[in-house]
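Labels A, B, C, D and E are assigned to the chains in the order they are written; within every chain, residues are numbered from 1.
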Amino acid sequence: MFRNQYDTDCVTWSPAGRIHQIEYAMEAVKQGSAAVGLKSKKYVVLATLKRAASELSAYQRKVFKIDDHMGIAISGLTADGRVLSRYMRRECINHSFVYDSPLSVGRLVLQVADKAQVCTQRSWKRPYGVGLLVGGYDKTGPHLYYNCPSGNYYEYKAHAMGARSQAAKTYLERKFETFDDATLEELIKHALFSLKESCTDGELNSKNCSVSVVGLDTPFDILEGDTLKPHIDALDAEDAGAMETDTAPAAPAADAPTDEAAPPEAEEPPAAMES
Amino acid sequence: MIPAPQKHSYALGPGVVAPAMHPEYGRAIQELNNVNYPKAGGQPFVVDAGHGVGGPHQHTQYPYVTGTSVLALKYKDGIMVACDTLGSYGSTKRYKSMERMKPVGKFTLIGASGEYSDFHYIMKLLDELTTDDYCHDDGQNLTPTEIYNYLTRVMYNRRNKFDPLWNSLVVGGFHNGESFLGTVGMVGTCYTDSHVATGFGAHLARPLFREKQYDDMSEDEARALLEDGLRVCYYRDKNSINKFQIAKVTAEGSTISEPYALITEWGYEAFVNPAAAAVGTW
Amino acid sequence: MRARAKRRSNTLSTLFSSIPRSRCTTSGKTSVDIRSHHRSRRCFSGILILTLSYNVYWQIRPREGSQSRCYQKLNNLDRKMMLSAGPQQHGGPTQHASWSPYDNNGGTCVAVAGKDYCVIAADTRMSTGFNILTRDQTKVCKLTDKCLIASAGFRADAITLHKTLQTRGIMYKHSHNKSMSCVAMAQMLSNTLYMKRFFPYYAFNLLGGIDNEGKGAVYTYDAIGSYERTGYSCQGSGQALIMPILDNQLKAVSPLLVPPQDGATPLTQEQAVDLVKDCFATAGERDIYTGDEVEIYVINASGVHKQTQELKLD
Amino acid sequence: MSSIGTGYDLTTTTFSPDGKIFQVDYAQKAIDNSGTAIGIRCKDGVVLGVEKLVISKMLVEGSNRRIFSCDLHAGIATSGLAADGRQIVNRARAEAANFKNFFGDAIPGEVLCDRIASYKHLFTLYGTRPYGVGTLLAVYDEEGPQLYQIEASGVGMRYFGTAVGKGRQGAKTEIERLKLSEMTCREGVLAVAKIIYQVHDDAKDKAFELELSWVCDESQRRHERVPADLHATAETAAKAALEDDDDD
Amino acid sequence: MDFIRNNQSQSPDTGTTIIGVAYEGGIVIGCDTRVSIGNYINNRTSDKITPLAENVFLARSGSAPDTQLVADYVRHLVHQHVMEIGRDPDVKTVANLAMQIVYNNKGVNHGQGLCAAMVCAGWDKHNGGQVFAMPIGGTLLPVPWAIDGSGSTFIWGFMDAEYREGMTRAETEVFCIKAISLAMARDASSGGMVRLVTVDKDGATRRLVTHEEMEPFYEELDLRKVRDGSGGVALGI
């Protein structure tokens, strides 16, 4: 791995005006297993791929409920993610204690981002090594945000992060314009389809993935195991059907050229520096 | 001693500080002032800890410049609030153009009876909150209910410190097609209703409201009823003057009228010689 | 110059018993801060120690001859203010303002537990003195799917107590991945009340719900956290009117029995609801703080069900 | 003197032998690589404009703004690291709120500029890195409309018109041609939009969103986004002007 | 010296009359000059009008140390502020600082708060002449005129009846002198002379009016005549 003298802490600018430590922290997000998020006009769906440390271990937790109207999916350092989720929960509780209303998703995301920025500018700290997909529903409707270790945050209509997320992203980029009016069922389906693109070791099943939903009159809920199974089964059924009809756009094979055109490495670092 | 800027958790808004900071507040403030401290975060449950920190204790143990009753009711298009413009000083009618109703954001209105300086302070807290909303510019502004709940916390927590804000507040607003009307007292007593009144008005005007107010009443009816309430208060509350403002909040936003006077009735025949029927009485 | 400095420090010592301290903030503003070290804040614990029973409301008010420092403070108010045409001059000393941190907003709560259900009910009147503040203020708060609390007394305290319990319930759920049981909630309510023992919540609480075995449970409290599981109970302004009826109709289980009994009443759910309605109708006749409407919640295996009953509006 | 590899450019606490603090220069570099932000002071107010580069088509339109209000009467446009920019904005908001709390009135432009500049300067002094963000500050206070620019180094200066970011050179040249003292903000908005479209480099960056804000008499001296219709007009006019240029 | 000893524990109180009146283009702020401890007048020529800035003045009533302290702090803060903004401060800014010090110290003096009833007035280029009433308790109100102090109780009626909008500078000064001397005529705690400060766009002018220049009121002797040897003649009889 290439190294230089400007990349050992986050308080050193490189001559090109970059901060390598932040970019490395963003690499940590890519090491985590994939998570995707997408929204319609009424709902937000987060779907995650869970890893198990060994055959004998349980699958890791990737999704955290923050409040009835909000939840997050994480990729990267789980411990960092838990710290942030605890912080977010506390903020939500505080807010509803004082105002008797749920905290705005955007405002909380902004706070988290500001918190993350502080870690990119102190010699005794390191950036958070975790990316958050925040899905929530508030006064202004459903929102999907991505919080980056750099302290940047973006509001997306659909997004994917984590290992091999580019494949999922490609799927979403192709389809996201149809999400606005999609039903919850369809959204979940799209989430699982896109997640599947990022899944390499084996099949998607109700154990290694989880889906969470939140939206209009729908408190945040995590579908795992048995509650998820029907959706996975429906997916498999449709998958089989799709093979015969419109398989072309969704087929993994079609992704290869796109992947080259926009490799994740090319896209992410400027994102840290920019806008 | 000096007017210290409010330090508060961004999560909770001005006047609201996390309890984790509270025991060692001085240190926490230092950390907040420190550039290195993240300006976000906080823990639950202590509202308005900005008080008595470091500096001397603040206690309004006595109200000085005070306003009397505030009356309010719901009607078809929203809510209507009214009060006079007198700032009493004991029983001196000292300031006669004191506005006791203020808008908070576009769709909420606060009316205050009690100590004016405390009301001023409360408005400062709320202005900080609304300015914050303005700056975020994300379409999320405080709703009347949120303001009401926030004020309840502020009043209650000051009471907990034996340092009450000496006010009874009326919070009225209109949001998402619904009227809101509530009131908060100096110890945090709060309730919402279709009509409310603070101070003397609770005794003098509310019986009228109970009889005549209904949520679908027209604006003219509502105004007439409210003016009846004001008139009764003016007849029987010595700390009131015949100079009133009436305000409403509807889907269009809030408006506060210019001060105006009510026609009062002093022409009853019996008033000429009230003791005529029983000579020797008063 | 010297004389001036002297005057200033004299002033300060009389005013604040401390000297001003300069302090520089990071934003480059220099500001001056005076700190007061007078210990008035502490004195409150002095009087509040009196408040062992839950007659707190009366004992906490300043009494004739009670010379605890904080009330001296209240009484000595504004000697100086007199000189500048302060309000007192006009109103005379009788206008002296004082305040109590408590109010009593009245209201009555009743709860009855059966084998597999719990009924918990409260009226909706909120009053202060002879004034009805509102006729439609719920006193009942849902804490979990299987546990409700009803509180009479000082509304602001009750609201805060309910919010605190709800919040802790959420935190518990976040960290344990399950809701708090009714039994746990009952213990936590006791702890919460006891923690504020020296400045108590002036709230009279009943906690009702279904316990882990599915049995109905009623927990009854005093203001500072002493609590007991019973089969039925009543709290609030109508307590003295309703409790005899309940005792008459139902038999309390002796707390001396070994092993302890849960005390659930033998009534069916419908009978229990009827009994509660009768109780409120009775209290509404004679207690000015009870009236307007009763909200009756039934908690059983199928969830929480609400019904209401009209009371007199007088 | 070259900086790289000398070891004099690794921390803000090190001067190079010829008296430079290279870390500040490097931070400036991050700003220079970022989307252009420009501000002009017209006779009745100040206009801010930003070329916000869009990194993904799945982003929600209008999100991640780079122009912020920091009080009713003051706004900030940032260029450089967005996350750093927000910290500056937070600080500016806190300063404005503190000032209002303390003195009971809106913070004057020069004071706010001063406070932000001091804050940035602090980060060039010790164990932190300088902020990689250039700031344009638009204020309309009792003394009239004012435009300030605060650099990463902590230098704050008042301008009639200025620009930061990638296209700053071209933008400044264009601004110099404007008769700012005779211009209203309505005209200013059109000019700003046009300049941003002109300096945008299609070859390097594809998509961008134009952000416009103003604080002027027409907006009741409040800093707010330019009204949607005017924004649309400005954008159309800018695109048209660009095509005209291409034709020539 | 019983009359002093009995009051030793008390700080001097400026049982006082103070006034501030705005006119088109400026303000007049005025006070009497008496400071007493109990019945003893310990200063008969005091100055209760304190400059807070070049263009803003504070008339103080209440406890002398309390109000002096407030004034000192405000001056300190205003100096810093003036340096930061590089021009004279706005009147409302200065008044707000004074108010905040009073409001934020409600708990001092064993819970009594600062005994400070003041009138703050001045002129600035943004808003012209302004008067702020600052009664005890930390209330701050912009008003066309304000009076305070023990003597003010005697002249509310006069102020209500005689104040009118659109007075000139000279008329306003006469109005203020008359108001204060009326108060001095009935309030034992107010007396001595009348001090005035007039502030307009050209700056502040001080003026001191002695008894001998003042018009006598009901049952008073005309001191103007005492001085010129024509003897004191009771008026209005």
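In the analysis below, a contact is a pair of C-beta atoms (placed from the backbone, for glycine too) under 8 Å apart; a residue touches a chain by one contact, two chains touch by 3 or more.
A quick map from chain label to UniProt name: A, D = Proteasome subunit alpha type; B, C = Proteasome subunit beta; E = proteasome endopeptidase complex.
Bear in mind that the values here come from a model prediction, so they are computed numbers and not experimental data.
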Relative to chain E, chain with the most remote C-alpha centre: A
Chain whose Cα mean lies nearest the overall Cα mean: B
Contact-richer chain pair (by C-beta pairs counted) among B-C and A-C: B-C
Chain at maximum distance from chain D, centres defined as averaged CA atoms: C
CA centroid of chain B to CA centroid of chain E, Å: 32
Centre-to-centre distance between chain B and chain A (centres being mean Cα positions), rounded to whole Å: 45
Chain D and chain E, separation of their C-alpha mean positions in angstrom: 49
Touching two or more other chains - residues of chain E: 73, 77, 97, 99-100, 107-108, 111-112, 136, 153
Residue numbers of chain C (touch at least two other chains): 16, 26-27, 31-32, 36, 38, 40, 73-74, 77-78, 85-86, 89, 167
Sites on chain B at which at least two other chains make contact: 1-4, 35-36, 39, 44-45, 52, 55-57, 61-64, 89, 92
Chain C-facing residues of chain A, complex: 65, 89, 93, 97
Partner chain E, residues of chain D touching it in the complex: 102-105, 108, 110-111, 114, 142
Residues on chain D engaged by chain A in the complex (per definition of touch): 3-5, 7, 9-12, 22-23, 26-35, 52-60, 63-64, 66, 81-84, 86-87, 90, 123, 127-132
Residue ranges of chain A in contact with chain B within the complex: 87, 90-91, 93-95, 97-101, 103-104, 106-107, 110-112, 114-115, 118, 122, 138-140
Residue numbers on chain C that touch chain B, as the complex places them: 16, 20, 25-27, 31-36, 38, 40-41, 44, 70, 73-74, 77-78, 85-91, 95, 97, 99-103, 105, 126, 128, 131, 133-137, 154-156, 159-160, 164, 167, 199
